[in-house]
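Okay, here's the structure, questions in a sec.
Residue numbering begins at 1 within each chain, and the chains themselves are lettered A, B, C, D and E in the order written.
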Amino acid sequence: MSDVSFVRTEMLPQQEPPGSSVGIVGWARANLFDGVTNSVLTIISLILVYFVLEGLLSWTFQSVWNASSLTECREIMTATWGKTHGHACWAVINDRWLQLLYGFYPPYPAEPGVNFGENTGAWPAYFRPNLSFVLLLLAVAPVLFDKVPRKLLIVTAVYPFLMPWLMWGGSIWGPVMAAAGFGIGFLAYRLLTPVIGGLGGIIAAIALPVIWWLFLVGIVAAGLESVVSISIPEVESRKFGGFMLSILIGVVAIGCSLPIGIVLALGRQSDLMIVKTLCVGFIEFIRGVPLITLLFVASVLLNVFLPPGTQFDIILRVLIMVTLFASAYMAEVVRGGLAALPKGQYEGADSLGLNYWQAQRLIIMPQALKISIPGIVSTFIGVFKDTTLVSIIGLLDPLGLSNAIRADAAWNGIYWELFAFIAFLFFVFCFGMSRYSMYLERKLHKGH
Amino acid sequence: MSELMTDRQIDRSKMQVSDEVAIEIRNMNKWYGSFHVLRDINLNVNEGERIVIAGPSGSGKSTLIRCINRLEEHQSGDIIVDGTELSSDLKNIDKIRSEVGMCFQHFNLFPHLTILENCTLAPIWVRKTPRKEAEETAMHFLEKVKIPEQADKYPGQLSGGQQQRVAIARSLCMKPRIMLFDEPTSALDPEMIKEVLDTMIELAEEGMTMLCVTHEMGFARQVANRVIFMDQGQIVEQNEPEEFFNNPKSERTKLFLSQILGH
Amino acid sequence: MTTLTDPPKASFRLSMLIYDTRYRSMTIQAVAMIGFMLFAAWLINNTMTNLETLGKTPQFGFLLEPAGYDINQRLLDYNSQDTHMRASLLGLLNTLLVAVMGCITATIIGVLVGVLRLSKNWIVAKIMTVYVEMFRNVPVLLWIVLAMAILIESLPAPRAFRGENPEATMNLFDTVAVTNRGIYVPEPLFSNSLGNIHLLGQSSLRFDVSVDLIAFLIVLGLSIFGITKVNARAKHIQETTGERPKTLWANLGLFFVPTGILLALLGFHLGYPELKGFNFKGGTHMRNSLIALWLALSLYTAAFIAEIVRGGILAVSHGQTEAAEALGMRSGRTMRLVILPQALRVIIPPMISNYLNLTKNSSLAIAVGYMDITGTLGGITMNQTGRELETVLMLMLCYLVISLSISMVMNWYNNRVKLVER
Amino acid sequence: AGTLDDVKARGKLNCGVTTGLVGFAAPDANGEWMGFDVGVCRAVAAAVLGDPKAVEFVPTTGKTRFTALASGEIDMLARNTTWTFSRDVDLKFTFVGVNYYDGQGFMVPKELGVSSAKELDGATVCIQTGTTTELNLADFFRSNNISYEPVPIETNAEAQQQYLAGACDVYTTDASGLAATRATFEDPSAHVLLPEIISKEPLGPLVRHGDDGWGDVVRWSLNALVTAEELGVTSANIGEMAAGTNNPEINRLLGSEGSLGEMLGLDAGWAKNAIMAGGNYGELFEGNIGESTPIGLARGLNAQWTDGGLIYSPPFR
Amino acid sequence: MSELMTDRQIDRSKMQVSDEVAIEIRNMNKWYGSFHVLRDINLNVNEGERIVIAGPSGSGKSTLIRCINRLEEHQSGDIIVDGTELSSDLKNIDKIRSEVGMCFQHFNLFPHLTILENCTLAPIWVRKTPRKEAEETAMHFLEKVKIPEQADKYPGQLSGGQQQRVAIARSLCMKPRIMLFDEPTSALDPEMIKEVLDTMIELAEEGMTMLCVTHEMGFARQVANRVIFMDQGQIVEQNEPEEFFNNPKSERTKLFLSQILGH
């Protein structure tokens, strides 16, 4: 083996790869025409894409934007292209898009004549849902993104009380007093614990706010209102509709289901048999039936289950049922987060002498929830999409509105444009959120 | 295992043992399901004593010290810590836990809190110390373990040895009278072991009552005033370190010592 | 504290209910239980009072009254004089029908799309991505409605088949008619039919079993038994000699010959759909409501399944493929023997929960007028009888039973395939 | 408290309407509800609260309408609902009158060449679920011993789409609904209504059993509209008539004489308000569904009894 | 890196090198995208040769041996294995793959199959060996790597060293004429490294042709009959181990050797 010994005297330079494997040609070769099957697939796909786009694009863009009724739309089409098929009549969106976005939310203050006369266009009350939405983004930003200033958490804390006031209107004292309930609970705990002991303190901290909310809030708020009146016009929930309604249901359901879901998840994780059984029973029951049956319960049964004479409107009832629905799913998401925490965290907390609730609040939940955020976002997307089901029980969400619009003599017979618009809006929302949750998942992966 | 890698002079004179009883364990038994993991344990620890617990894997060392601050429940016998009996009474448990600090093999720091927050959490919420005061104490102990400059970092940003020292500081912030260590150095690289052992020696010099599960025999020799050898859930032998290492009585101990000192 | 007396053996004090870990858990449980009972009692009490005021005490007698409405898509015989119970039963069967069909197609499409999304072919991968994102991010109800609309608008009405120069013609040698009312396919008919067995007499749950079908199934069973025997032998031969004998022809023969003979004996022929009057007559009719629902649910769920499949395949590390290739295995075999068995563990559990979702989503059938159980029991029956409480409860019960059964299967599977580890 | 007091206290009338049926109820681009049924709601609101705008319209589907009413979510339902025995007796609702005498009809494309419902053997029929028409249809085909295939559909809009695309040969519902639907077709003349009317469909507003006082208010509000047409009181001339006429019935109706309003628990001008809300019965009819509208329904049965129709109000006395 | 921790006598006499060519690589070039990862590689391996490939990280060692059984495609030049040229021809690839065994750094056992099934899978499906025979062969090789008793366990139940030995046995079951090893010991604990290296030495003693990417210089010294040093995608130096270690020619090699033998 004389050839064994070898020493390279000069290093070879880096060379360009053979032309066929780089650049556009190389890319196409590798990704599109790599073998016979692939080439055939590519060509078929290209043809398919061409036909779909051709039909879709001409329908979408060779369209009528200004018309007051379908008939007029058709006349314009016939005049322009000689046929009514293959062209969209976006005029209906032009005409009704405010309705599709806000439902019947009054564009003017709900009680005309207060300050603005009968002038309906004077002071768009749409700013209320809009402001709620912007505040919502501000409120969730500190939860979702690390880089946002922590001060925004104040918005997060205030939002649950501010949003109902903005949306439903009325006196500000109601939400303020409702928030005060938490303050009362806190004070009761702080002040009474030294006097009547820890247990008494806890009981008082729960009982007093409940009494406050059940019996006193209304009176006190009314009293304050009569002294210092700060109120904006009221809007009944009946007037809510369109995408505003979908978002509202989604946001309220997720917001309220989070605490319930946490409690359920903790219950399901606990070793207390009865508590666990109750939680598992609830979760599995809710997850075992379709949302639509729960909505039936909301629309036809909930009043039967509640004390005689209780009246609250269908939107609130739907909110309750959707919240329960979301809680069950949320509980499973949170449970996943809890399960992902190492046991050492519990032991670390125990060994420092933190009690169960302190450990949960200070150590376990902050970590578990962070892990669960992608799951929470997916649940939100699911609930948001599912809000369309409320159209089946007669609420005017975008789908429900599409029926109402088609029942208007002017737009009777319109079809694709409405659904395309609704689908598009849903897509934009959900796609955005799903991208965000993917980004989060990647971030979490890196972080561990 | 290696001899203690410290070069400083250890001042055994300061390590006074009083004759007040800090921990008393009487006829304690514990089962996992039907597996009898601790059998008839009797152990008295006086205040200021530094006890090293050794023994083969699975012999119940961790279980024993976890019982002392009630991370595990024992089924029979008594454990009395600082005059308080460990029973199912939550108040007693809380009391004992705030007097007994624990330091785990895997540190168990809270990754979502800064070092300082890790250290002030329990004083603020359990001891109800004002934040300011808690932070001062925390900084004091962080200085003691020589990482005050890391106070605002998160655990994930520290090395293993630093993390373990933070864990010790965290326990100390509760001003415990007794410290339990469960293999505090076994998850660490050799260089980091030294840092942690140094910190523990300092504690010992200040007269802290310590129970330490460890296989650092150098540490045992220089610091402990008693070594306890466990096997199969029982205390097989206990003695002063010199005696224990040079003149083990039981066969089991001899075998064990030959193994861990041998290689 | 040098001397320790015996610790005081405290007698039971009330505060121990809270501070003693042993009693505390009992206290909490008792409180939870009492709370739950009170809540339940409160609900039931409210319900009773309310129903009394409305004059509708809960009772299920209405189930035995004639329903009065017709159901077009049905698996058992039914007419408008049958009871509400039978209508519900038909609805339930319809739910199961669309759920089973949907699960099958969703799986096929989902697996295909999931695999194609990993394709090296850029454009195919991108098209699949667009498909998945499109379906995942738009509500399923919208898809159901759109699917129905597309079927209705794009397919020819039966009347288009009429006349000298029809605008539309039947497909597949005039055997299948695709119309906007659904698809008509040939139906199997027997001239020497063995008849039917009526079970459960005239009750609402009665059903017929075709003896022809039983005979057919028996023969088929025997054939399949034979085929498994042949394959077992082939396997045996493979294990002893290494070469696997070709079993294709034996299998085909075993499968088709006996059943063929039986069919000939029974006088099997196909009944072709034919345009008569307003509609096609003869043949089996799959209504467009069923097709639309089926299609939308399949495509929607398939988008989720595709992601699961993709994730499952990606979860199997690339090293596994390389190892198999280094051992000289071709890609098909690598997929079948190495990748799939591992991917399936990851895939199946979320897949089953998607089957569950599909089944639950099938309740949106009312949007296209497919008479599933929500459409019959929870729809028309509820509406015509005014028995909301009873119908909604029964409806939930039905779904709950289906869901829990599926969950049970899932748990069983999960336990079975757990990877063995240290 | 009775429903009347509730409504007054609330300052709003909750009125159930359909989620959308051309001519009967649908919201326009400003969210204002319009239509024949809507007119009834507004009349009642005007009578009770003096303001025709004080109505909260609650869209209901065929399925949710009865529960909404029974549970008290709505005070009255004006949703082209047929007065039937079981709805009255079993579901426990009081139909306070009839605002449209209807019957179930069939609509087919002209090109099918069908001239009678009896020729529909084997046809595919679009039908709205949860309605009386669904039951009638089953009965009709059963009693005539011919077969059909129902295509159940939730809403009118959906039904119309399926029918136009040829997914069903026939669309059947209340003849008024058929006419309303046909009116909006691109080419209405390509479709015919078959001569058979296979059922009686008296459509009217309804309230819950057990609150007769409220039932009376709704009933007489409707009757006021009818009587107003009979007596020639229109929204145009009501101003001067309210001042007093020499017809005592008009005076009683419009509150310038007697105390009918007080008896109902309303103020004296209640009927005047109701009529001013959208005009008298005839005006409502003409404005929403009559021959001058695209829907173009003839009065037919719904003419005043004086004109040979069935619209007949008991006297205001 | 540590010297080979074996105490057995290695019998170099058995390791005969014939002069039949097993692998011939001529002017081979490979690019990843536009990155020139292998440059003008020329290499002849005779049957029975044991070649160790060393070089800094990223120098293309893995890529080179992965090209030999076509886990990666080369863009220019020829690779001829056992007389068959590696081209896109599927048949050739299959043929070569069944003659070349490969052993990965991370073992890549199939976790869903038992050890025995792992070993019999390819013989049964690729070689069409009867199951019985395949199992016998498998047991034979498992005995050779000294873990026959683990045959019915799953990979997840074995230690890293055991897994790597199974991986070797699995390749051997295909009765390859050439074995490629890609850092087979770098994922293992020191004790386990020994087990695996012992197995490899045994293979070498039986005259198996081996290409091995490794930094176990002890192994190279004692077993290899040629060491190849790669850098930046090129073969910089090759020589017999003695020469290579004691008398490296190129500067690059010297630097590298000083680094890995230095510490």
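The rule is simple: a residue touches a chain if its C-beta (ideal position, glycine included) is under 8 Å from a C-beta of that chain, and two chains touch if they have at least 3 such contacts.
Remember, predicted model here, so these are calculated numbers, not experimental data.
The chain with its Cα centre farthest from the Cα centre of subunit A is E. Fitting subunit B to subunit E on C-alpha positions gives a rotation angle of 160 degrees, to the nearest 5. Two chains share more touching C-beta pairs than any other pair, namely A-C. Most remote from subunit C, judged by the distance between CA-atom centroids, is B. Comparing per-chain C-alpha centres with the mean over every protein C-alpha atom, the closest match is chain A. Averaging Cα coordinates per chain places subunit A and subunit D 39 Å apart.
In terms of their C-alpha centroids, the spacing between subunit B and subunit E amounts to 48 Å. Here the spacing of subunit D and subunit E, counted between their Cα centres, is 88 Å. Per-chain Cα centroids separate subunit B from subunit C by 58 Å. Among all residues of subunit A, those that touch two or more other chains are 300, 303-304, 392, 415. Residues of subunit D in contact with two or more other chains: 63, 67, 154, 161.
Under the contact rule defined at the top, the touching pairs of chains are A-B, A-C, A-D, A-E, B-C, C-D, C-E. Only residues 62-63, 66-67, 70, 90-92, 111-112, 120-124, 129-130, 134-135, 137-139, 142, 148-154, 161-162, 165-169, 209 of subunit D touch subunit C when the two sit together in their complex. Contact residues of subunit A toward subunit B in the complex are 342, 344-345, 347-355, 358, 362-363, 366-367, 370. Note for the complex: subunit A touches subunit E at residues 1, 3-8, 11-12, 14-18, 21-22. Across the interface of their complex, subunit C is touched by residues 19-21, 24, 78, 80, 82-83, 85, 87-91, 93 of subunit B. Partner subunit C is touched in their complex by these residues of subunit E: 69, 71, 90, 94, 97-98, 100-102, 104, 106, 108-112, 121-122, 124-133, 153-154, 156-158, 167, 170-171, 174.
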